[in-house]
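In structure tokens below, several structures.
What follows is a pair of complexes built around subunit A, which joins subunit B in one and subunit C in the other.
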Partner chain A sequence: MAMSFEWPWQYRFPPFFTLQPNVDTRQKQLAAWCSLVLSFCRLHKQSSMTVMEAQESPLFNNVKLQRSKGHLFLLPDSSLKYLWRKAEGRQQTEGKLPVESIQIVLEELRKKGNLEWLDKSKSSFLIMWRRPEEWGKLIYQWVSRSGQNNSVFTLYELTNGEDTEDEEFHGLDEATLLRALQALQQEHKAEIITVSDGRGVKFF
Partner chain B sequence: MHRRGVGAGAIAKKKLAEMSKQLDMFKTNLEEFASKHKQEIRKNPEFRVQFQDMCATIGVDPLASGKGFWSEMLGVGDFYYELGVQIIEVCLALKHRNGGLITLEELHQQVLKGRGKFAQDVSQDDLIRAIKKLKALGTGFGIIPVGGTYLIQSVPAELNMDHTVVLQLAEKNGYVTVSEIKASLKWETERARQVLEHLLKEGLAWLDLQAPGEAHYWLPALFTDLYSQEITAEEAREALP
Partner chain C sequence: MDRFVWTSGLLEINETLVIQQRGVRIYDGEEKIKFDAGTLLLSTHRLIWRDQKNHECCMAILLSQIVFIEEQAAGIGKSAKIVVHLHPAPPNKEPGPFQSSKNSYIKLSFKEHGQIEFYRRLSEEMTQRRWENMPVSQSLQTNRGPQPGRIRAVGIVGIERKLEEKRKETDKNISEAKEMVELSKSIANKIKDKQGDITEDETIRFKSYLLSMGIANPVTRETYGSGTQYHMQLAKQLAGILQVPLEERGGIMSLTEVYCLVNRARGMELLSPEDLVNACKMLEALKLPLRLRVFDSGVMVIELQSHKEEEMVASALETVSEKGSLTSEEFAKLVGMSVLLAKERLLLAEKMGHLCRDDSVEGLRFYPNLFMTQS
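Moving on, here comes the complex of A and B:
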């Protein structure tokens, strides 16, 4: 379900797939990678991934990467298009971010609070395009707005109930939701409790 | 005693007086012309070029800052001043991406975008003039001729002749390699490497180690990412007139 994901200009820029030696340039590069990972996962509603999956994903592999310069053409319909000639005997090499560099990007995301390793061997991770604290804030705002402080909800109600259909956190995956609620719990704004068939939360 | 007076000296003085009078007349005519065609000058880029060429012939600089006939009467100074500000804005906005180097084409595109539909038309010539003014003000601007166009430098990165000539080489493909430099410029490996290291250090180039053969050094400034689409030779033939 690729839909129309808009790749950023860096994705078509061949050096994007080489970890840059210049420190300032590398900072920009890593920031761009983090941003790309988060938007990609957000669009594809992907909340967790293994490193193996990541390596194979179009996210870190641009199989259509061009290493030749295109030319600007003014087409008969007056549109301006930047075109390449295909199959001119020129090697079309893909852009593939090496796994060591993928690890560096993932570590950046972890430091920013958008990623959490799900196992000790760091083979799979939770990816949250919004940090748990940010989700927590949104949820709590909805609770307060709708005057439902001191109410109890099941986790399911929060993310799949009719009442939250228009909210951004509607459809949020359970792992991220739990972390959001844990963040609220830390602020004494909520308490995660056990309900009849699972878990729930009480808001204060 | 011979009197040279009526000879060379006096003639020279007379000639000078004549020329001076002519120049003054010329200036007056030019001023009349300018005020009559003020609208035209502001609206029409081609007209502006011709007008400025005329001024240059008689040593008048309509962009001289501050007071005076030109800036007050015509507002020509204002026009280029505002354009200068716009140029700086565009360069600042894109600096994080291209390190402070941008092609004249892209700058033109971005400036036009920023001006909107109803603003006065602005030509590449206008941009160059405005940038030259900025340069004169010591803002760190530079103009580097490359492959038939120009690269505009907006950060005071140190670029000497060696760097500039490599930039010119890179314009063709958007990237350059050590081999290419050695072949085209007949340099030693070390000299080529030093220039490329400098470009990396200034944030003007990015390193590509996945390119076939050897490392490629790409310049984001030369990487046009407009509307892009891959087409076959067949499609190209069909699409183009």
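Moving on, here comes the complex of A and C:
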């Protein structure tokens, strides 16, 4: 079901799959990884993942990574191309980010607020391409815009109701939604309540 | 003592007398023998000893049979001596005073002095080897190869002569090597028999060999003691030895390379790694034209002061960019450096942010740091 996902140029750059020892370089590298993970999960509508799944996913495995010596060209469309020398054949090898490095990327995402561990043993996680606070803000803006303060909604209505079809948060997964509402709750802009068949929220 | 042959004592045609000395006693190895008072004659070809009391008793050895000679200084109640180490006697040797002997050397004791001058002349004859160029009669046989009695000529004979000279050179080198071997054997035996310390003479002899191999006067702990003074002197000596080798190697050498080079030149009184490092640590302080540098990895190098490793990094980046990516080995080969130093340069480039790495099962490769240059 993967639509044509546009891999960033780093994905074809072999050093991307080695954790860089130079601190400044590493910073750039990790930023690129975080960005890639979020856009990948966003496109594939993946809100949670296990570490095992991550290891096997094309996200951290570029099976078509080419390592052979060749001239490196960065094309205007930001894709990376190798120009092969005729004498040397292609050498197709895997680009695989080692699991320790995957852990470091995930930790980066957690620090930025885009990831939450779902269990103590850190085997699965919630991945939010927008931070809960950001979602909360969007939801509250819609509520205010449509003059629906002091209204009560079920969670389902918010993410799957007709009224929210044009909104970005339409189709948002429940786990992320809850966290978004919890963030609003912190700001006293909403309150999570129990309704007849589940949970709902009241906006202020 | 079995190398001597009876002789009339008369010199042959083309054989010239160099020096003679009365009052010389001969020892067979360390043993006193009956030949206790004689006149020793040195010619261009032979060493001749004639008994002072009985002129009929006259014997000689060919100079070509001498491996090398040593001086033994006079002591209390002891005359100065010359020790003459000899090649084994040839099988077809003429009769002499002894048919066999367990010793490969004799001693000449100068009871009426004259040892110094005699030694000097004998050394000269040994060096010049005039017996090889001056043909003598068949009765004086050398114990090696064909007769050295060729006349200078051109053409084929000239070529043959050149070949002959080359062979002699080789023989000379071999005999010099033999000297070393004999000397070290003699020392080893002395140590084994616990006959006391290595004599000063022998130390001097060793040092004279060092002249031809490199350092005339190695800075030793004896001369300068252990401690800063020693290391300072050593540092100065190192600066002298290493200047040219460093220039030949692009201004930088690993400390292991330096260690090997320096100790090879010294031959004896080798430097310990510790002493080398301590001396190198003083190079910069003493404002010498080289310095010690330690990379993050712990690798230590000696650099010329004029060498700027950081500038070399810029050219390294160019080289890597041209090729797309390089391993340390590939880079070393391209640039003509040792792999160790090549790796250090690439690591420095990485540290400075110019390169980044790809570490996989295929090995460690360096790429231009596109993380920084591309946005």
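One rule holds in what follows: the second predicted complex is superposed on the first by the 181 of 204 C-alpha atoms of A that agree within 3 Å, B and C clash if a C-alpha of one lies under 4 Å from a C-alpha of the other, contacts with A are read in each partner's own complex, and residues count from 1 in each chain.
Keep in mind that, in the parts below, contacts are C-beta pairs under 8 Å (C-beta built on N, C-alpha and C of every residue); 3 or more make two chains touch, one makes a residue touch a chain.
All of these numbers come straight from a predicted model, not from anything done at the bench.
**Q** Quick one: is A:M52 in contact with subunit B, with subunit C, with both, or with neither? Answer first, second, both or neither.
**A** In the superposition, A:M52 contacts neither subunit B nor subunit C.
**Q** Tell me the contact category for A:V152 with respect to subunit B and subunit C: first, second, both or neither.
**A** Touch partners of A:V152: none, neither subunit B nor subunit C.
**Q** Going by the contact rule set out at the top, does A:I193 touch subunit B (first), subunit C (second), both, or neither?
**A** neither
**Q** On subunit A, which partner touches more residues: subunit B or subunit C?
**A** B
**Q** In the overlay, answer first, second, both or neither for which of subunit B and subunit C A:V99 touches.
**A** A:V99 sits against neither subunit B nor subunit C.
**Q** Could you tell me if A:V63 is touching subunit B, subunit C, both of them or neither one (first, second, both, neither)?
**A** A:V63 sits against neither subunit B nor subunit C.
**Q** Just to be sure I follow: which residues of subunit A are touched by subunit B in one complex and then by subunit C in the other one?
**A** Common interface on subunit A, subunit B vs subunit C: 9, 13-15, 17-18, 20-22, 24-25, 28-29, 67, 69-70, 72, 82, 93, 95.
**Q** Which residues of subunit A touch subunit B once you look at their complex with the stated criterion?
**A** Residues of subunit A touching subunit B: 9, 12-18, 20-22, 24-25, 28-29, 64, 66-70, 72-73, 75-76, 79-88, 91, 93, 95-96.
**Q** Given the complex with subunit A, which residues does subunit B contribute to the contact?
**A** Checking each residue of subunit B against subunit A gives 96-97, 172-175, 200-201, 203, 206-212, 216, 218, 220, 222-233, 236, 239-241.
**Q** Quick one: in the complex, what on subunit C touches subunit A?
**A** Counting only subunit C, the residues touching subunit A are 321, 323-326, 350-351, 353, 356-362, 365, 367-372, 374.
**Q** Which stretch or stretches of subunit A touch subunit C in the complex?
**A** 9-10, 13-15, 17-18, 20-22, 24-25, 28-29, 32, 67, 69-72, 74, 78, 82, 93, 95
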